[in-house]
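Each chain gets a letter, A, B and C, in the order it is written, and its residues are counted from 1.
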Amino acid sequence: MTGTGSYRAALVGCALLCLGGLIATTSETNARMAAMAAVWGLMAAGWNIVSGYAGPLSLGQAAFFGLTWFLSTLLFIEYDLTPYLGIAIGVVASLLLAVVIGLATLRLSGLYFALATLTIPLIMGTLTRYFDWFELTRPYVGESARHFQFNSSLPYYVTAAVLLAAALFFTAYLQRTRMGRYFVAIRENERAAEASGIPTLRYKLYAFLIAAVMASLAGGIYGQIAFVFTPEDAYSPVTSIQALLIVLIGGAGTVLGPVIGAALVIPAGQLTAEHFSHLPGLDHLAYAVVLLIVAFFSREGLYPLLARGTERLGQLLGRRRPRAPAAVVRKEGP
Amino acid sequence: MLVQALINGVLVGAVWAVLGLGKQIVLGVIHFVNFAHGHLVMLAMYLGLLYWTITHADPFLLLPLVVVSLALIGWVLDRVMVRRLVDLGDRSQMIATLALALIIENAALLIAGPEPRSVRSWASSSALEIGGVFLNWAQLIGLGIAVIAFVGTWWLLNRTPLGAMIRATSQNRESAQYMGIDISRVYGYAFALSVSLAGVVGAILIVSTPVGPQSAWSFLVLMFVVPVLGGLGSIGGTALAGVIVGMLQVLSTEYLDIQLQNAVVYAAFLAFLLVRPQGIFGRSTDQYRVSV
Amino acid sequence: MTTAEATTATATVLELRGLGKRFGGLRAVRDVDVTLGQGERVGLLGPNGAGKTTLVNCVCGDLKPSDGDVLLGGETVTGLPPHRLFGRGLARTYQVVNPFPALTALESTSLGALAHTRSVREAEEAGDEALRELGLRDKRDVPMRQLNIVEMKEVELARIFAGRPSVVFLDELLAGLRPSEMSALLDVISDVAGRQGWTVVMIEHLIGAVMHFCGRLVVMNEGQVIADGPAEQVARDDAVIDAYLGPKWRQHA
């Protein structure tokens, strides 16, 4: 997972994003879809780092996504606070939340961590409704860069795409750092990683924080695109699951995964929702079916399949890794 | 009134204890992670609703029917999904059962619509009064059923050959195989048992609570809190934890707001975890310090 | 009860004082007093269920001892988590043969070095060096899952090597090997340990293999140390023979 291949992949990702940009200029509908895809890609990139890379399956990204969306919208409505600042505040709030949640739950084993994180957005949704914030509609101020509001979705796409590109490069960079190595080791075998001198709790927390920031940014931008905030949408478990789906389809633990996944999943979801609007929930159903297929069609589980797929992809992209000699592998003992 | 609230807590909590029990079994025996457990409860509620709509019989009488339906569904799921997933590891299980949860939820949305529906029964609106304390009949009967379910499960696990096989398998899968136990069948039974218990919970709940496509997620908190709070592997702990959770819910409804009940439970639980990660009766899990 | 220790080593690197571990009512380990000198090679033996693994877990940070202390190089380290102990020079192999299947040998090895440096490049150099010590440099870019079992164990050792340990616990490292492979691996270990001045503790079931390698044996039974002394002497000790030929304990982790 090292070497120049990862930066190459990041560049390919940028190329794809540029392509997306071109598509976005063709029509407002396409621009909106592209913007959505980029936002979700950003969200997925964060999830990729914590769960694709470092290991613990976090199902609560929606918490940070929703929180930032909520805060930036609320502050804009109540105090006319520019969304840039609003989003920044959202990021800080998400970080704090992530620290608290992370410290409490990262000690739990995989399953319970997943459940714990899945529950957070639900609780936040409940709390939001309790305080009577059922729906927040952002006032329309017309085209204004200062208010981060535009008539077309293209500028949103550009913002999200730039952030996503940054995320891609960050992921590539991560692979060359000690933190990145530690993440992989923790994912492979947490106990052995601990025994090799890795403070696993601390590094899992770092991954969790990074993911929180990305989800938060994604939520902030999404909030600008979607004028109306509702707790159900913001804190829906499907939000977190969507990020998961994108990464799984695109390739977990790889640089390009989020981009490819988002490019495939989001348009598919949107199209399904539009063409079958009389059958509510069909797009979620489709997601579920795809998840099932993905979960089943890897005999050894999702990881090794994807890891091997990306090894081959890496070779295609020209990484200098010598072919391993065919070694005699004896079956390991019990 | 505090006493009333506490008693209600026990009544409510008993049901959650059964929910936790079902989860413990599937987790402890098969080590299978089932994120759709809450959705199966919801499914049971919908089935209860369906059977009641068709027959207009007393919903409590329909309970066996619901439980059997769930057991059958569990059996089918086992053959189709669970068997293959058992070997694929935690994460595949989590993802696949999440997908199952989504499927159930959206199927409910498509078939029954988004509005919550409920059953009308004499039991939900009448109560027994003892010394100034009101015991809602539906909840009282629910408690009785929960106790029967607990005792029945205990009896099944500790006094029958099948139970012995299940316990042996949960302790040591390989040794059990060497003793000639058919692991797949045991897993199948354990899963069916777990799903049946989910059916019991659903059948009890529908009498007093409405059901909607989003209901399942509220069970999620409980499904997770109760076994961990009680301590993994401890049936008594699960019962106690269920009751505690029930009391927390009732008390927060009483003194705060009904909407906050799960938030309170969750916050209390997180706080508890920070102090004692292994739960109330859990075995000391400084075993692998990194993960509980 | 311990018999007299016969150490010829110089400085004390590891000391266990009154170490004990209770699980609820069960005392898995108790009253363990052992002192290890630098460069010693000690075999830790005992029938299944004797408490060897629990003892090692207590020393290496996977468990918190209920009683007693662990001193590493004179400093009390009781109850520190494994990663901290690794940083201080206490390393351990695991029974899982291949903990990091997707990593290459070099990546796996350099993990050990990352405990002492932030720079991945430096760590990889150290990892490279470690692989060379163990004669595996040509396998550096091979994913672990493609190595054969002996090579996997050697990479394990290389990772520990890269962490610059002073005390090394080899936990059933010989499991799953054929006799010829065992002696080959033991030669390698002996070589490296000698050159690096490691203090080695070997936990094994197989007395024969350990006898070649270890000058001193510590034998446990039912949670206590029943013999501790020069290998030849201990092997003939009555209590030890009793423990091994006496009632067999069932296998449990």
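To be clear about the criterion, a contact is a pair of C-beta atoms (placed from the backbone, for glycine too) under 8 Å apart; a residue touches a chain by one contact, two chains touch by 3 or more.
What you see is a predicted model, and the numbers here were worked out from it, not measured in a lab.
K.L.:
Going by C-alpha centres, which chain is most central here?
P.N.:
A
K.L.:
If you tally contacting C-beta pairs for every chain pair, which pair wins?
P.N.:
Highest contact count belongs to chains A-B.
K.L.:
When the centre of a chain is set as the mean of its C-alpha atoms, what distance in Å lies between chain B and chain C?
P.N.:
44
K.L.:
Whole-Å distance, chain A centre to chain B centre, using C-alpha means?
P.N.:
Here the centre of chain B sits 31 Å away from the centre of chain A.
K.L.:
Report the inter-centroid distance (CA atoms only) between chain A and chain C in whole Å.
P.N.:
Chain A and chain C have C-alpha centres separated by 41 Å.
K.L.:
Give the residues of chain C touching no fewer than two other chains, as numbers and ranges.
P.N.:
Residues 62, 81-82 of chain C touch two or more partner chains.
K.L.:
Enumerate the residues of chain B that touch no fewer than two other chains.
P.N.:
Each of 288-290 in chain B touches at least two other chains.
K.L.:
Out of chain A, which residues touch more than one other chain, so two or more?
P.N.:
Within chain A, residues 191, 194, 200 contact more than one other chain.
K.L.:
For the complex, give me every residue of chain A touching chain C.
P.N.:
Per the touch definition, chain A meets chain C at residues 1-2, 176-178, 181-182, 184-185, 188-189, 191-200, 304, 307, 321-322, 324-325, 327-330, 332-333.
K.L.:
Which part of chain B faces chain A closely enough to touch in the complex?
P.N.:
27, 33, 35, 84-85, 88-92, 94-96, 98-103, 105-107, 109-110, 114, 213, 217-218, 220-221, 223-224, 228, 257, 259-260, 262-263, 266, 270, 273-274, 277, 288-292
K.L.:
Enumerate the contact residues on chain C facing chain A in the complex.
P.N.:
It comes out as residues 60, 62, 81-84, 86-87, 91-92, 94, 96-103, 107, 110-112, 114-115, 118-120, 123, 141-143, 145-149, 151, 159, 163, 175-176.
K.L.:
For the complex, which residues does chain A have touching chain B?
P.N.:
57, 59, 103-105, 107-112, 114-116, 118-119, 122-123, 126-127, 129-130, 190-191, 194, 200-201, 237-238, 241, 244, 248, 279-282, 284-285, 287-289, 291-292, 294-296, 298-303
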